[in-house]
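Each of the two complexes below includes subunit A, the first together with subunit B, the second together with subunit C.
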Partner chain A sequence: MEISKKCIVLYVLWLGINTLFFNDSLAVAADKENCLMCHKHRFNARIDENGRKRNYHVNENLYSHSVHRNISCRDCHTYITKIPHDPVTLKVNCANQCHIRPPFAQEKFSHRKIVDLYKNSVHGGKPEDSEILQKALPNCKFCHLNPLYSKISEKRVSYKETLARCNNCHPQSGVEMAYKHITHRLRKKTSRSSREIVQLCGKCHGDKNLMQKLNVSKKAMDAVESYNRSVHGKLVQLGSQKAANCINCHASSALHDINKADNPGSTISKDKIMNTCRQCHKNTDEMFVDIAVHPDITHAGNPIIKMISLSLGLGMYGSVLALVGLLLLETVGRRKDGARLVLKKGTTWYGKQKSVSGKKK
Partner chain B sequence: MKANVKACDEEYYTHVEGIGSIPRDIYKYVTSDPMGDLPRFSIHIVIQHTLFFISFLVLVSTGLPIYFSDVFWSPYVIALYGGIDIARIIHKTGAVIMILASMYHLITVVGGTMLKILKKEFDLKRTQIPRLKDLYDLIDDIKYFLGREPYRPKMEKFMYKQKFHYFAVMYGSFVLTAAGLALLFPDMAAKLLPQTIGKIFSPVLIGAESFAAFFQDLARLMHADEAILALIVLAFWHWINVHFVPGRFPIQWTFLTGRIMREHQIEEHFLEYLNNLKEIPEEREYMRNLLSDNNLGVPSPESGKSILADVPDIH
Partner chain C sequence: MPGVKKRLAHPLLSYLLGLFFMVLTLIVFCGVIHHLAFSSHGPKLLGSFVEKYEAQTKSKILDDSQKLLEMEKHNHFHNFPAEYPKLPENMQPVCFICHSDFPHSKNKRIRSLMNMHTQFFTCETCHIKKRSDFKIVYKWHNPQKENTKGPFFGTSYNPRTGRLLEGDDPIAKITPFFKSINSSQNSKELISVIQLQNTPFVKDYIKVSGKLSPEEREGIKNKFHQKIKPKGHNCMDCHAQNSILNFKQLGFSENRIKYLRTLEILGMLSQYEDFYLPELFPDSPVQTNNKETK
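Let's turn to the complex of A and B:
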């Protein structure tokens, strides 16, 4: 009796230690098909025919804390039908239906709506596009990772306080995840920082060679550079989360509807741009939207500003040189006349004998 | 020859009633306290200078890294301030302090002038208002620096250099405040400026598609350029003037004590020193004793010539 009790206590302790320190092995993954049998191995990798390094390792612990933790592998990788599977040639389609049924929904979950929206955007591509352009257009995975859940710091009410009320009825773990997911989406457009977003967009739009190949307009050519010169860009470069990044202005809350300015559905189209600016600048009017968000540093279209800039520069160097020249002249002149650098015994002047006092003898 | 000597003699000696004749280079014989002997600035000016001093350093050290955001040291400076969002708040706080100090200064200057006019003590020569004499003073001073003149010109309380700097600071802080407000409230500026200043100029003259865009571009340009100009002038001219010029090393304490050294006052602000002699009995006493003890300031008939003969030797 005694021994069996001790055994139970030890077993429970063992479980506890396991959950605390060896979380990895106990995590419940969505691996019904046992894909991890092979993919759990760390060095499951190769160099493919094109010389690219490919890594097929799936970290179970990371995956089980990610957004897609409940999606089984074959929901996305539908082309896999047997184990061991054939070499993969197809890519994942995010518009697939997976076996998750969201609350209050009759259908299985799919990203189709967003994918359709994206396909209609400027990044979606059209059949008549050139081959280079079609190659250059990013797919879903270019921007999206399989993000991990992370804590969000809130200013007014800490999320623990809010969650405490949810936890009165709901099981803790699920609600916490759902809550974090929802608040994250409500407060921030993406999980990336503003600086990362500018870097991401700049990967293609800042690549001058690529843009030249695609034959974009002059404005689009300099878009990243001119943005980085604007006050928004400078603040974002220094880590501000408040200043506008690319998608703050170029996408709505649906995030994928990035379009050119002449498209009436675009957030920067003539009808909608005022609302876009009003997200931050409350008193926006039709005058305000003319202000250059991507300023041109050469002031090519504005001779008067160019002239002022030039004369200010001349004035600056001119006055500084003149003042410093006068200062040097003054110092040399006064030194010659007998001025010392430091005040000693109440005076800075030596060489008195040259002057009047010598005459009193 | 005789007349010439006589004229130079009068310029060299300044006769003050009850003291005697003061030679122009008396500043080489006086003793000075580094903390200052004679009054120059009121406590208000000292406070305003301190406010400007602090707010300028804060504004520059937060503003420069924002303007040069792609330079390697910028993120470190911003990190010192606790992130860009905090640095922006500090920048705006500094701006408010500077604007308040400017307003304080305008109030004291205008109010002080009014008070002096009422008391009938107002003297245009003792103010910052530029006169034609300043230009001649500048020319004479350059001649002295080059060794062509034996003595510096007799200058008022504020010499050409200080007047220039004063109006440069006034203009600069006005431009920086106006442009900074336009940058801080771009939506307000886009509403207000085109309806006021924009009406005066025609769009053809301005050459921009839109007034709002023009003024914003102008504000961006002026705010940065004016600030950098101010920094360069302060760092390479003003600070050298008050720290490294002979006689001022290691620091000129006037900005804290509001008092100026006697030898400095006599050398660069001789006419103001004469006012000091009128107003301060102790200074009259000091100068009278100095002149009589050293047997200075009384041009004797036989020594008059030799002084003038000696003048070129000074240089």
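Let's turn to the complex of A and C:
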């Protein structure tokens, strides 16, 4: 009895020391079934029959700092029934219920609401869609990675101060992750930067071959090109986070409800476009919404914009070329005067001027 | 002042200012020329010439593989891992040229698990033919660092997180060396068995491979495989008490050795008969045991 009591005391002490000193650095992923035994290895991959590299590696460290760290592998990969498992042919369904119960809710967590929104969007696809279109539609993981918690700097209230209150009741590691998860989404519409969003959408919408196969309209065919030509596109290319990217205009705060303009639910439909512009341009009126966000300067039916664009181009190229031409003329003139391109006695040009030396003679 | 040659009397400051503006003008000029001639945002006046030149060097195979590489980021949900340190391609052993780091593809069940071992082994570690006059010694080897000391990736665990420790040398792999059976126990005379790309024969092959006929190429391929056996070691040759690898000498920690020899891997091989393919491991003791229990 004596010995077992001592053992318990020692164990509790050890636990205390561990919690005090090591707790913040411990981030252990939910891998009760030890899937990482094989999947933690970075060369766990193969090249398939179509030449595609299949990478089965899951980085332990990254996974344990991701938002899915508490979800066991089989909550998503439900088709795995034994280890080692058969070659996987099924896909993960993000609308699955996992065994996590979010705070203030009795139901198990699921992405069903978002998945339903996505399914009803233009990217969700319909049974009557052609095979090529079904293949081209992006699934969840095309846009989403297993997101990592990122540090948020709180300007008004210090982040530690806020958390100190929460920690009075809630366990530190859990509440810290939840805080980061929520505040991150309060500040930004997407995790990716505007430039990354344009690049992501441009992977399909900027692929002219793919768009041609999908038989899209001319406007849709040039969507990325014309956006990049617009003031929004140029600002985003220069690194602006305020200028509108694709998501800002084409999706609501639900992000996945992207639809064509003729769909009444679309953020760019006739009825909703004014509200969409007003997210940034408070004084938007009916004339303002007529301004082309995807300007088509090559359009034959738009001669005024074409002329303005042409004259601005001529003005820009002309002024620079004229400036360089002037420099060249000046150089030729100086060379004719006898000046040489030599740095001597503090001068850029040195030599005898022909006219002066001629007079002396 | 009359008589002063104005153009010849610039102070140094004006030279510096002139240089600054000249450089600035030249940059803008180059930008404008690029914009005018090549950029997709400009009139792209020389676009047709560029396309004509690109068409000559264009390859659908290259385009497709670049597309696949790009798409891999979208096919892997769990944060496609950052680039890990690895040897430059020209320092990799010859096998890498044709077989890459992922050479196994035939056996559907275990192909990726076998590929996983290329993180720790060179190809020859499993596939080298034995020689009667030599015994094989296994050592960690890094072509960039002679006599690398480690610790090496995967040899021990982080006691707090339970994850494998990265170590100091992430590039070294367990590599076989021949040691003469007549040499003394303490002799350090080892002969490398891996075929590197910097040998004259390999360099010559890389230089002329495009000019060789298919028969000639096949002949050279056979030469490369002279000392290589197509079927490597069985799992149980290493993951067993009497492993051919001396884990302790290779720097593995006690608990890691126990894991590799006895715990889950051995359990997995012996418990899951489905996994344990008879044609792959014909002579292993585990299969014999399984047959007996049946």
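Methods note: the second predicted complex is superposed on the first by the 254 of 361 C-alpha atoms of A that agree within 3 Å, B and C clash if a C-alpha of one lies under 4 Å from a C-alpha of the other, contacts with A are read in each partner's own complex, and residues count from 1 in each chain.
We take it that contacts are C-beta pairs under 8 Å (C-beta built on N, C-alpha and C of every residue); 3 or more make two chains touch, one makes a residue touch a chain.
Computed from a predicted model, the values in this text were never measured in an experiment.
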First, second, both or neither for A:Val324, with subunit B first and subunit C second: both
First (subunit B), second (subunit C), both or neither touched by A:Leu148: second
Partner chain(s) touched by A:Gly51 [first = subunit B, second = subunit C, both, neither]: second
First (subunit B), second (subunit C), both or neither touched by A:Arg334: both
First, second, both or neither for A:Lys40, with subunit B first and subunit C second: second
Touching partner for A:Asn302 - first (subunit B), second (subunit C), both, neither: first
Which superposed partner A:Ala261 touches (first subunit B, second subunit C, both, neither): neither
First, second, both or neither for A:Glu60, with subunit B first and subunit C second: second
Touching partner for A:Gly313 - first (subunit B), second (subunit C), both, neither: both
Touching both subunit C and subunit B, counted on subunit A across the two superposed complexes: 228, 313, 316, 320, 323-324, 327, 334, 337, 339, 343, 346-349, 356
Touching residues on subunit C, where the partner in the complex is subunit A: 5, 7-12, 14-15, 18, 22, 25, 28-29, 32, 36, 40-43, 64-65, 68-72, 74-81, 84, 100-102, 104-105, 108-113, 115-119, 160-164, 264-265, 268, 272, 274-275
Subunit A contact footprint on subunit B (complex, rising order): 23, 25, 27-34, 65-67, 69-70, 74-75, 78, 83-85, 87-88, 141-142, 144-147, 161, 168, 183, 186-188, 190-191, 194, 205-214, 216-218, 220-222, 225-226, 228-229, 232-233, 236-237, 240-241, 244-247, 249-250, 261, 263, 294-296, 303, 306-307, 310, 313-315
Subunit A to subunit B touching residues, read off their complex: 228, 231, 233-235, 237-242, 281-285, 287-288, 290-292, 295, 299, 301-305, 308-309, 312-313, 315-316, 319-320, 323-324, 326-327, 329-343, 345-349, 352, 354-360
Contact footprint of subunit C on subunit A as seen in their complex: 22, 25-28, 34, 37-38, 40-48, 51-63, 66, 82-84, 86-87, 92, 138, 141-146, 148, 203, 225, 228-229, 313, 316-317, 320-321, 323-324, 327, 334, 337, 339, 343, 346-351, 353, 356
